[in-house]
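To start, the structure itself, in structure tokens.
Every chain is named by a letter (A, B, C, D and E) in the order it is written, and numbering of its residues begins at 1.
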Amino acid sequence: MDSTLFHYLDYAVYGTAILVMLIGFYGTMVKKSLLKIVISLSVIDSGLNLLIVTIGYYKGGTAPIFSPGFLKNFKDVSKMVDPIPQALVLTAIVIGFGVTAVALALVIRLYRHHGTLNIDEIKNLKW
Amino acid sequence: MKKVLVILLLAVLGYYTAATFFDIGFGQPHFIKGLEPVKDIYLAQTVKTLKVSNAVTSIVVNFRGFDTLGEVTVLFLAVTVLGSVLYKKRHEVGERSVLFSASSIVTSGSKLLFPAIILLGAYVFIHGHLSPGGGFQGGVIIATGFLLMLLSYENYSVSHTALSVVESLAGITFAGVGLLGFLHGGTFLQNFLPTGVLNNLFSGGIIPIIYIAVGFKVGAELTGVIYTVLHEKGQSNG
Amino acid sequence: MEMIHIIFLIFLGGAVLTYFAGKVSKVLQDIFFLLSVLVPAYLFFANVGIGKEVTLTLGGITLVWGVNHFSWLFSLIVLGLGSMAAIYAIGYMKGKERKGYFYFNFILSIMAMMGILLSLDLVSFFVFWEIMTWSSYLMTVYNGHETQRIGIKYFVFSAIGAYAMLMAIVIVHHVAGSFMIGSMINFYPNMSLSLQIWIPILFLMAFGVKAALMPLHVWAPDAYSNAPMAYTSVFSGALSKMGIYGMVIVLVTMINQIPQGFWFREVIAWLGGITAVLGTLWAIKQDDAKKLLAYSSVAQLGYIIVGIAIGTELGMLAGLFLAVMHALFKGTLFMVTGAVEKQTGTTNFTEVTGLIRKMPWTFFAALFSIIALAGIPPLGGFVGKWMLYEALITSNHYLLVIVIFFSSTAAFLYCYKFLFGFFLGQEEKEWAHVKEAPVVMLVPMIIMSVLMFVLGTFPGLILKPINSGLVDLGYIDTFKHLWNTSIIFNAWGDHVVLQPILYYIIAIFVFFALFLTWKGHKTTRYVTTKDISSSGEVPAEDENLTFSVGFMQPFLRAVAPAMRRQIDKYYTGIADGLESLFEFMRRIYTGNGQTYAVYVIVFVVVVLLFKSVLF
Amino acid sequence: METVLMDILGAVVTFLVAFVVGMTYGGLSRKITARVQNRKGPPWYQNFIDAFKLGFKKSAIHHGVMHHLGGAFLMVSSVMTLMIVPVLSHNNWFPNLNFQGDLIFLLYIMTFGPLGMALGAGQTGNPNSAIGVTRGLSQMVGFEIPWVLALVALMIQYHTTSITGLMAAQAHSGTWLMFSSPFAFIAAVMAMLGMFRYSPFDIVGAPTELASGPVSENGGKYLFVMMSSGSVFTFAKLTLYVDLFMGGADNLLILLVKTFALYLIPMLYGMTTPRYRTEQAVRWFWGWPSFFGLLAILQAVIF
Amino acid sequence: MVGTPVLFIAIPLLAAFLIPLLGMIWKELVRIVPGLVLTYLLILAINLLNHVLVHGPIVEVIAGWVPPIGINLVFSAFSGFLVTLMIFLGLLVWIYSYRFKRNVEYEPALKYFLMLMMLITGSVGIVLTGDIFNMFVFIEITSISAYGLTAFYKGRNSAEASFKYVMMGSIASTFLLLAIMIIYSQLGTLNMADIARKIHLMNPTLKIVSYIFFVTALGIEAEIFPLNGWAPDAYAEAPGPVGAAFAGIVVKAAVYAIIRYTYTIFDLSSSFSFLIIIGMITLIIAETAAIRQEKLKRMLAYSSIGQMGLVLVAFGFGTKEGVFAALFLMLNHAIIKSLLFFSGSYLVYNSTEKNIKEVNGMSKFLPVTSLLFAIGAFAIVGLPPFAGFWSKLSVLTAAADSNMILIMVLVLMVSVVELVYYLRVVNRIYFFKKEADTKPHKPTFNALFVMLVLGAIILLIGFYPDAVTGMLHKASASLMDKGQYIHNVLSLK
């Protein structure tokens, strides 16, 4: 790379992804509302997915689709970005969706049972 | 106090995670030299053997099709769990609670858009092996169509039985196709259909079939999720 | 199928059958019970040859069972006392609930003890050890709710001991490469010094618990006194001997091989001596017969431990002879207590008095066993005591002699208390209905009393198997050198000839007994114990003047400083402290999901921070 | 057969001698005590009169079997003690069981009597008898400690546990053990104070306070047996001390002199000291006497 | 051969999709079909296991792509043993729940059996798969079923327990994916054998970080100490048989995953001592937390956590004996803890609080259940002649052979604690007076049958450990032989 500044700016993508994750963690551990916790869990997932996709990125790479145009012009497979992280993220997103759905359902149940969304008041099970 | 502690902890965690990923490097080949990464094989085989142009699709449905089967199962399970968690006896199921009804612009607009959305979804998952998109994406688009309808019409209802039949059939298709491959070629999910020509709609062997099934399944399941949650009547404090 | 296997199968099958037979008929259950104790006993003595070994491979471990002379001796105790107690139990358990439970555990205990004796490898030794522990534990808690704390105490101590042993076993297996007891003993001199120290200590913990050695004895009084009496006679008489057996077979033979072993034996001997003293003192304090006997058992086991720990030939003879005698007299005494309990419903000295005319045969058995316990000639207890003293004196344990002597003299106090408390004193209307115990309970007591008497004059009968057992362990043959059929020698050649002494005693006794009753028995009339002249006053019929509360007060006042501290209290303190610590620790689980999430992050962060240390 | 007859005869003779001497000593002690207290006192043969009177009396009542057997036990104990103790050395009339038992046997057979007595007394149902018994047994635990310490010291010093062995050791060295093992002697004598139950250790019988008790429940023959047992015991114990510490005796006269000299010790000590309570007595025995006993053992071990 | 490993996944999935349709035909099919599937799988598993024990592992590829390209399933002696155990337990849970759920309406029953079957399938998948991302998918399948099963009962605090589980589970999957991606970014492959072959090339720091993330993620499922906050709640609130399934199936799968990573995939020599440390901490904390419990199921849960800690310790010895001991422990724990959960849930059947004191005096009303609970309690603390003894002996032998004296001491001390709290419960059952407000509930025939089968197995292993030790030895050998594993997987053409 020509300049260190740009070099570090490259990593801003990682930094952002990780920061999103950390924000999610923070929300999970500090926010009192169950809904916010669930949202925070989603935020963690988002950050993570971002991070994973970023790993598969190559500078100047194309989408891993052998469209007619690609086959005509490039033919160079190494120009494609890594498709595997994308495939994995697809799976991870779906799984994250499933978990979020379950969590939301549980929140509904908890609200039905306790009449509150404050996690500090939902501590019947302890010790 | 707790916040400070959490922030400190997260700072350390963030530092180590960041350090790790900076080590890995961004935007350039990061695999250890001399190794043959699987992705090269995948990319090569996608064109050569499977005749599928979307490499992601080939990975999701064929190379790592087993993952996708699991993924579909996860969704199926999520719906099941949702139903189980929010299960109520018949007479306890209430009407949807609606704060205010949608305006006529919304209702008629939705009616207008709904077929288009469904069509788009179907397109996306049918062409999953050729262009960006696929079963999951298409399924989600279809589900948004239903969401739109559910939001705009207070008494819009989707047949529960129909949803469950669709998702079951789609799932059976996936697993059944896999087992057919097993019977045909000895390995699960093995391709047993002619692969056709690259970039044709009818190419890629069983991949489109599976992706279409996935599309139906995802659509049905997401709709089911939305429907179930929407019919959760707000219970005012106990 | 070897005979030893058949014996164990009969025990096991008998236990299960007996348990379920109770659902069909009570009589059938009794018969099954008797058969499943007596038949294996018969088979063992009739058909199992000494020196025979059978093997069985389980889980990749070869289990070897066999009989040698030494284990034969203890088998005699176990099966003999077991059979007697079994017969007794038929009478004792009549009309009680949970008969099946009782019989089942009884048979299992006997089986486990036989298993311990027959095991030649450490794994089966441990297995049977544990079976013995839990079957006896189940007996301890037989009486229900109130006993469960006691039971847990017993089990916890046993478990600590057993786990110590288990640890020793696996370490030995690691260094010696074999689970065989023989190879452990042979390998012992080659171990590193720390192992040479730790292995015996670990074993000592296990055996010390069962043999109620001093700091580990706190379970014993409660456990002995709360088990059903028919079982306690086995519990105290035979089961505690397993600790002695283990000490001898594993410990004494092992540490004899290294010169430093001397110190070990000294420590054990002193612990045994202290146990004897403390047990005696606490026994004197008790107002309940069961407790009294329980503490007395602790004390008596102390003597036995002293005997085997000093390790000379005479000491071993003394210890083992005492072990046999203890099985006899303590077995009988617990049976007596059981009989009294069955007939009167209580065993408290302050409540029961003057049973001598109601239960003369029981009194006879009690008298004999008490005389034997006190070590008074001509009963068997004397022989053991004598040998013990001589062994101590001739092996230069002068102070230990005094300790033992003190304890055994003080034992007279509780001996008298036992006899007086139940049988003597004024007769009460409350107990006028009491009848003699059923024959089936009396017979074992009488048989064992007679045995005590015979062994008092002809100790050679039992010293002979003891001697062959010791020869098996590598001691020299002591026949004619330390004992003959009715002569016992010490190492300096001094001796006691028992036969003429017996004749003299009988002659004097008969003469004066006749003198006192001659002509008298017809002309004198019996007057009740209420008909006494107490300073010229005759007490009324409903007044009970029997002295039973604060019985040994003067003596207890004299020894009060020694009894101020109870070891039990320290253990309780430790246990309570631990429980509150645990109570505190489980608050880690706060119940808040967020806290748990924080824990996860903390875990990751800590591991990451210390990753250079950890990895 | 003849030896058996001789044995029996010897035993009877020994018993008679012990009986007579013991009774006499008892009478003398009553007399001397009276004189010291400035009373006239009964004649020295008063005990004989009492004994014979009691011995020929008929009892009208009894309290049961143990009541009979208690007395028999008592006699077994005292007579057996007597039989084990060598009365005269080198005399064919008194060998009895000298070579059949040893000191430890002796210690145990001596405790048999009190226990038998206690059982007999227990059956009478008299509360005071039980009180007396507990006191007696407690005190016994007290004085046995210095006593055994002394004996063990002797045993380890001379490597023998038999009385005849110790006597042989004295004969061999020519000195009495009371000089060669002075601490043991002191301890043993102090223990003897308790053994004889004279004041200050007479709370056991408590003759003046407890008017009833063992004695009052035993009339006639029973009392006779108790008295004769006591006399025999006194003689046997004294002889034992003489044998152990004072080189034994070759003839009866020397024996009498030595025993009487020993007998004076508890008697005179008792006249000058007030009575201890039981626990005081027990603690007293575990004090100085035991200390001397330990010294004796130290001496035996070191020298 | 009656089938291949992939059927363990495919058949239940197919059945799961079919069941809602079948339920429309005849409602009872919803209950019956999972049982049939599990029975078939059990037969399959036993057959395959017999085959594997003789002929060596079966490696099956999916979609015709040989490793490292495609996903593969490995049915070795090790994984086969676990799969058989899990399916066996799953079948028992099904039998136990079959009539248990009769009073429940159609729809919850449908969901219950679906989730149960998926729970088992997911766990089996974790064990069978040879691909790290595929393992992630199966872990998620297992977790989501577990969330659902935990929250199955209404009206209790089950939703709370389940929500905590969801929180922890999400965090777990985050770390798992991070770890997977670190590995992938370096080695470009997701196949376990391939990774194992190439891992020595990796930068050590990255290797260690990814290992830590793996252990954290899997540790949450495997109930390692600071990560197991969800576990007691989930065990306590889930239906009784599900508690058994958690202890016997889910946790086993998670531990399997940790072990697979430690033994096969990573080549960190110090990871063994790390396992010992975390296992030991887990063991100590869990057992001490259990002793003061007032609720029966929580107590069992803590005990289960502790046992898992012990399993990790045994694996941490890194020797063949250690692995053998750990496998033996896993087997025994699965059987015994299931029995305890089964019988325990009848002892406190009609209570909402599930307090321990409600078992007081139950022996008079439920004699067989009580007896079986007592046998289970005795067995789990390792008293001979029950099954637990042999595993405890082998753990200690392994510890001694690795010179881990301190570990032995700690393990034994903890065992005493364990003994105390189990004894207290047994004493309550047998020797206390019944509480006035408890209503004993007779176990159904199915439940009784299941409990008796488990009790019989405990006694069988106790008296004749050879029944299983041969298999366990082969299984441990197959885990220890890393080179063979790599060869088996990668030599396929």
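Quick note on the criterion: a residue touches a chain if its C-beta (ideal position, glycine included) is under 8 Å from a C-beta of that chain, and two chains touch if they have at least 3 such contacts.
This structure is a prediction, so every number in the text was calculated from the model and none was measured.
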Chain labels contacting chain A and also chain E: B, C
Shortest walk length in steps over touching chains, chain D through to chain E: 2
Two chains sharing the most contacts, counting C-beta pairs only: C-D
Longest centre-to-centre distance from chain C, chain (CA-based): B
Taking each chain's C-alpha mean as its centre, the one farthest from chain E: D
Between chain C and chain B, distance of the C-alpha-averaged centres to the nearest whole Å: 73
CA centroid of chain A to CA centroid of chain B, Å: 16
Intercentroid distance (Cα basis), chain E paired with chain C, Å: 44
Interchain centroid distance [CA atoms averaged], chain A/chain D, Å: 101
Multi-partner residues of chain B (each touching 2 or more other chains): 2, 6, 10, 13, 16-17, 24, 30, 37-39, 42, 64, 67, 70-71, 74, 77-78, 81, 85
Overlap residues in chain A, where contacts from two or more other chains coincide: 21, 25, 28-30, 37, 51, 55, 84, 91, 95, 98-99, 102, 106, 109, 123-125, 127
Residue numbers of chain D (touch at least two other chains): none
Complete list of chain pairs which touch one another: A-B, A-C, A-E, B-C, B-E, C-D, C-E
Touch list for chain C against partner chain A, complex: 586-587, 589-594, 597-598, 601
Contact footprint of chain C on chain A as seen in their complex: 25, 28-30, 37, 119-120, 123-127
List of chain D residues in touch with chain C within their complex: 11, 58-66, 68-69, 71-73, 75-76, 79-80, 83, 97, 99-102, 104-105, 108-109, 111-112, 115, 118-119, 122-128, 130-131, 133-135, 137-138, 140-142, 144-145, 148-149, 152-153, 155-156, 159-162, 165, 211-212, 216-217, 221-222, 225, 277-279, 282-283, 286, 293, 297, 300-301
Residue ranges of chain E touching chain A (in the complex, touch as defined): 133, 137, 140, 143-144, 147-148, 151, 154-155, 157, 159-164, 166-167, 169-171, 173-174, 177-178, 180-181, 184-185, 190, 232-233, 236-237, 289, 292-293
Touching residues on chain C, where the partner in the complex is chain B: 598, 601-602, 604-605, 608-609
